[in-house]
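You will see two complexes here that share subunit A, one where it goes with subunit B and one where it goes with subunit C.
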Partner chain A sequence: MSSIIKSTVKRLLWAVVVLLGLSVMIFSLLRIIPGDPARMALGETASEEAVALYREEMHYNDPLPIQYGYWLKGVLQGDLGMSINTKRPVLQDVKEFLPATLELVLWASIPPIFVTLFFGIAAAMYKNRWPDYLLRFTGYIAIATPSFVWAVFLLLIFGFWFHILPSIGGRISLGYQVPAVTNLVILDAILAGDWAAAWDAFLHIILPATALSIGHVMQEARIIRSAMVDNSGKDYITMITSQGVPARVINQKYLLRPSVISAVSIMGLDIAGMFGNAFLVESIFNWPGLSRYALNAIMGKDINAVCAVVLIYGVIFILMNFLVDTVVLILDPRMRQGRSS
Partner chain B sequence: MNRFAEKLKRSWFKFAESKISIVGLVIVLAVVLLAVFAPLVAPYYDHCGAYVNFADANKAPCSQYLLGTDLMGRDILSRLIGSLRSTLLMSVIVLSISVPVGFIVGSIAGYYKGSLLDTILMRITDIFLSIPSLVLAMAIAAVLEPSLKNSMLAITVMWWPWYARLAYGIASSMKAENFIIYAELTGAKLPHIIFREFLPNCISPVLTKMTLDVGYVIITGASLSFAGLGEQAPKPALGNMISTGIDYLPGSWWMTIFPAVTIILIVLGFNLLGDGISNIFNMEDN
Partner chain C sequence: MGKEENILEVRNLSVSFKVMDQVSHVVDGLDFFVGRGQRVGLVGESGCGKTTTLKAILNVLPRNAIWEGDVLFEGKNVREMGREELNHLRRKGAGMIFQDPSSALNPVFTVGDQFLTALRYTYDTKVNKKVLWQQALDALSSVSLPDPERIMENYPFQLSGGMRQRVCIAMTIAAGRQVLLADEPGTALDVTIQDQILRLINRLVEEKGLSVVMVSHSLGVIRESTSYVNIMYAGTIVESGVTDQVFSHPKHPYTKALMACIPKLTGAGIAEGIPGRIPDYLNPPAGCRFCPRCPMAEDICRKQKPPRTEAEPGHWVRCFCAEGVR
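Moving on to the complex of A and B:
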């Protein structure tokens, strides 16, 4: 047990180092942009004195390392600067738009886990029979399709042609009023007991969540399938089979668990990567999330907002990595004893 | 020479064992040929630029325009063929810069494993890997002016760390091998060790990863172009064509669907080819 704690602390420290490095990189990004940041913040019409004052106030006259210190201090206190587009503090924008992206990524990552497991196990159980071939064939196509292309296909098929799911986008239809508690609309609607609103919001999230997750589901299912097939040929399985352990127990306890480990670490990275793919999917579905906000910021050269989003996604990514490593540590006894790393 | 021919024959046998790799090879060859001979093959090559013909605007697929036309009256098929060059060029340039850079960084860090240099190089690599790649590429592309060249630069910047990590793993586990120690004893310098000792041992995993990466580079490039950060109008680009077409769904579906299918086909082709090539190397290891 103590080895778990020790390696966890060590990895936490590394995470902090990586975070600091990330902050240096983002700060450089802020300063690489050509032009005078004070002039850009105040606009063309501001007077020369006002710009000079602002430059002094924001420490733009100091050497870069000192500027970095001030910037980092501000970031740690929640000061991400002003957005040029929305004319508000970036932090306020983040608070408004992040929950929608979180909700989307949650729905694109947690329910699909079960689909992944089902596909992976089914393909492994029916190895070299039609369910396996079907998975392989659809897998090739699903992986070759970028998530924004999935978004287009899904929108066209289910939104426009069959009219099964909403095509206009957004998180919920107009007319529903859901009191904001967690800012995750479906959860809020359920908490308020408004089942009609929850159902409506659920219908809205199906297409974007599917577009984000479908490629990952097929890829992870393939990994689980091949891990299970590999493991089923190993000596320990032959041994417990010969001892008369029932097939169901073998499958669940001895075959599945070691086979999902490699998929779990990839799953974690994929979930974090969804924030990146969400840029395009959100803009296609008019999903009012942080990624769509960032895309608008990129178009409008709103560099403070862009950097804030990169920073937030970086933090989420690092946390996710940390979480995944911990889960793998719990699942894999070999890692706990430090036998393989 | 005879031995080389023999080896080639054996590789082909392993490659062709999986019929689906041949499908990949055929798709890739077709795409490359179409890209090279685009001006000759495309029915209306002048439509790949600032061509306007409102009389034929927004036409559904017909015998004159096999895949329909866009809002400017430009032939979609010609524009798709015209976009292949920049699509392929992007993956060639991104990989031919990021792979050597990643390999050199990773093998130097691996060779000096445990030193301060190793820590610095690999932590920098980790920082690059700590942001979702598309997010970083978009941020870089946002700081620079949107263009095909800058989107290539942005993707290259986020691509090398993967190869650094791959080379690091191989180099650090190999540095204690006898042949490296002998090379050191006979006075081999760092470049010799990296390029004559590590490189031959890294070739097969690096090549395997490269062939599988071509598809991902194309997807990333198309995503940037979809966001308006890649090739600029009026030049055709797959992502760009889709993002323009989306506003005219479901009526003018051909403007979106055909570029989308083209992306899938190209990436599928490269992925299948990559699987086939990795089969060659995997069996060599066995």
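Moving on to the complex of A and C:
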């Protein structure tokens, strides 16, 4: 176990280095764009003296490395600048919109893991029989269809034709008041003991989460399926079968674990990628998330907001990578050996 | 050899593999018998179906295999066994030592995990984990592995090839199986380790009174460790008999050629080898499978499969032309 801790610490340190690199890039982005940041902040009508004062106050006259130091200090204290679009501190916007995207991605990533495993295992166990063909055929369609097309289809089918799921979007129906604790609506509703609100919020999240995850689920299920089929012919499976261990135990343990390792890495990247890709689904489902906010910021050349979102998604990406590496480390002891020596 | 004492009989076994849309006929009408406590050898070139035969005995052939014929373990047909009976055979009846120890253990689980799982199911009732652990430690000690506690906690990649082979042997003998199916033990390892592994197997077999099917392509190994030998060519037993008898008076042209391949310390230099190669299993010769390489082949050899004939008492051969046959 100590080898796990050792390489985990090592990866954590690397993550910090990568984050610093990212911050340098974002800072450069902020300074590279043409125009005087002080003038942009104060507007056309501000007097020349006011701009000069502001420039001095914001350390814009100092050399770039020193400016970077001040900027980083500000970012670490939560100062992400003002948004041109919303005329509010960017931090406030982030606090408002990030939880919605976070909740969406959580629901689009964690429950689908079990669906992925179920599909992958079922297809491998019934190789070249109908469950396998069904998965492969529907898999192609699911993977080839972009998430926004799924979003529209799902909305049409379940929202407008069958009326079983909400069709106007949003996170929860009007009329429910959920006290904000974590800002994850379903969790907050459960914490408040308001089961009706939790159920309503759950109904709202089903379609966007499905639209966002369906392609990934099918892709990863296919990866697990082929890994299991490949590995089932390995000597170590024949060996343990020849020892009289029941097939159920072999499939669920000795075949499954070596077969999910490659899928886990891909899953992690897919989940991190969902944050950035969520904007279309968020737009279609009227989901007040950060991806949609970022889209608007890009359209409105709201540079502070764009940089803040890039920074946040960068941090999420790095954290996700770290998490995936740690899971792989736990699943595959060979990795531990390779890293610690 | 009294047939009623046979613990294992393989009769007219044929195994084919579906490869893409073709069928590869590897094992072709194979017979051999193992008496209780007997050590039987199975010799042949690489690719002649030795491993396939062993896998058929435990019914662990790959999914694309099609097999016919009978494998009788203590008189019961393995092919007709239900899941429980089959698992009983695998747990208590016969165990296999795989050729390549580097791939026979699961890379992502500790030795202890795999060992305990295998042991657990050899009991009909639930057994305390400590008892199983101790049993595994004893088995590891009996294969001369130092520090078995540490090995149980290790992952396979932390062990050397020889150690892994010993672990596999320990797993196979620990549960008190009656028949050991040894698939070229040690071949994947270097020569000195191979020798140690063979000695170990011979010692364990002696101590526990096991029956053995020793598969090898090395005549030296077979001569040393078996009392009865089956010479295999392209999925058929071409000659069988008491080891000494077969080695001193080989009858089948293939056996003779095989013997001639052994480099001798005295005499004229390097052995010649057998011209040609193992037949294409997708489209094997209609008659005797050795026919294309045989110096004595006649017309009949190309058309018919030679029957199993007793050339001299207890010494069987599948050949139309061997001495004692005609």
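As a convention for this text, the second predicted complex is superposed on the first by the 338 of 341 C-alpha atoms of A that agree within 3 Å, B and C clash if a C-alpha of one lies under 4 Å from a C-alpha of the other, contacts with A are read in each partner's own complex, and residues count from 1 in each chain.
Going forward, a residue touches a chain if its C-beta (ideal position, glycine included) is under 8 Å from a C-beta of that chain, and two chains touch if they have at least 3 such contacts.
Owing to the predicted nature of the structure, the values given are computational and were not obtained by experimental measurement.
Aligning the shared subunit A places subunit B and subunit C next to each other free of steric conflict. Of the two partner chains placed by superposition, only subunit B is touched by A:298; subunit C is not. In the superposition on chain A, A:27 makes contact with neither subunit B nor subunit C. Once the two complexes are laid over each other on the shared chain, residue contacts for A:18 go to subunit B alone; subunit C is not touched. Judged by the touch definition given at the top, the superposed model places A:273 against subunit B, while subunit C stays out of reach. More residues of subunit A lie in contact with B than with the other chain of the pair subunit B and subunit C.
Of the two partner chains placed by the overlay, neither subunit B nor subunit C lies in contact with A:107. The superposed model places subunit B and subunit C at 80 degrees from each other around the C-alpha centre of subunit A, with the value given to the nearest 10. Following the chain A superposition, subunit B and subunit C show a smallest Cα-Cα distance of 10 angstrom.
Within the complex, the subunit A residues that touch subunit C are 127, 232-246, 249, 253-254, 257-258, 261, 331-334, 337. Of all residues in subunit C, those touching subunit A in their complex are 55, 58, 60, 62-63, 87-92, 95-96, 98, 100, 103-110, 114, 117-118, 121-122, 155, 157-158, 168, 171-172, 175.
Across the complex, subunit B meets subunit A through its residues 20, 123-124, 126-128, 130-136, 138-143, 215, 219, 222-223, 226-229, 239, 242, 246, 249-250, 253, 256-257, 260, 263-264, 267-268, 271-272.
Looking at the complex, you find that subunit A touches subunit B at residues 14, 17-19, 21-22, 25, 29, 32-33, 140-141, 143-146, 148-149, 152-153, 155-156, 160-161, 272-273, 275-277, 279-280, 283-284, 294-295, 297-299, 301, 303, 306-307, 309-310, 313-314, 317-318, 321.
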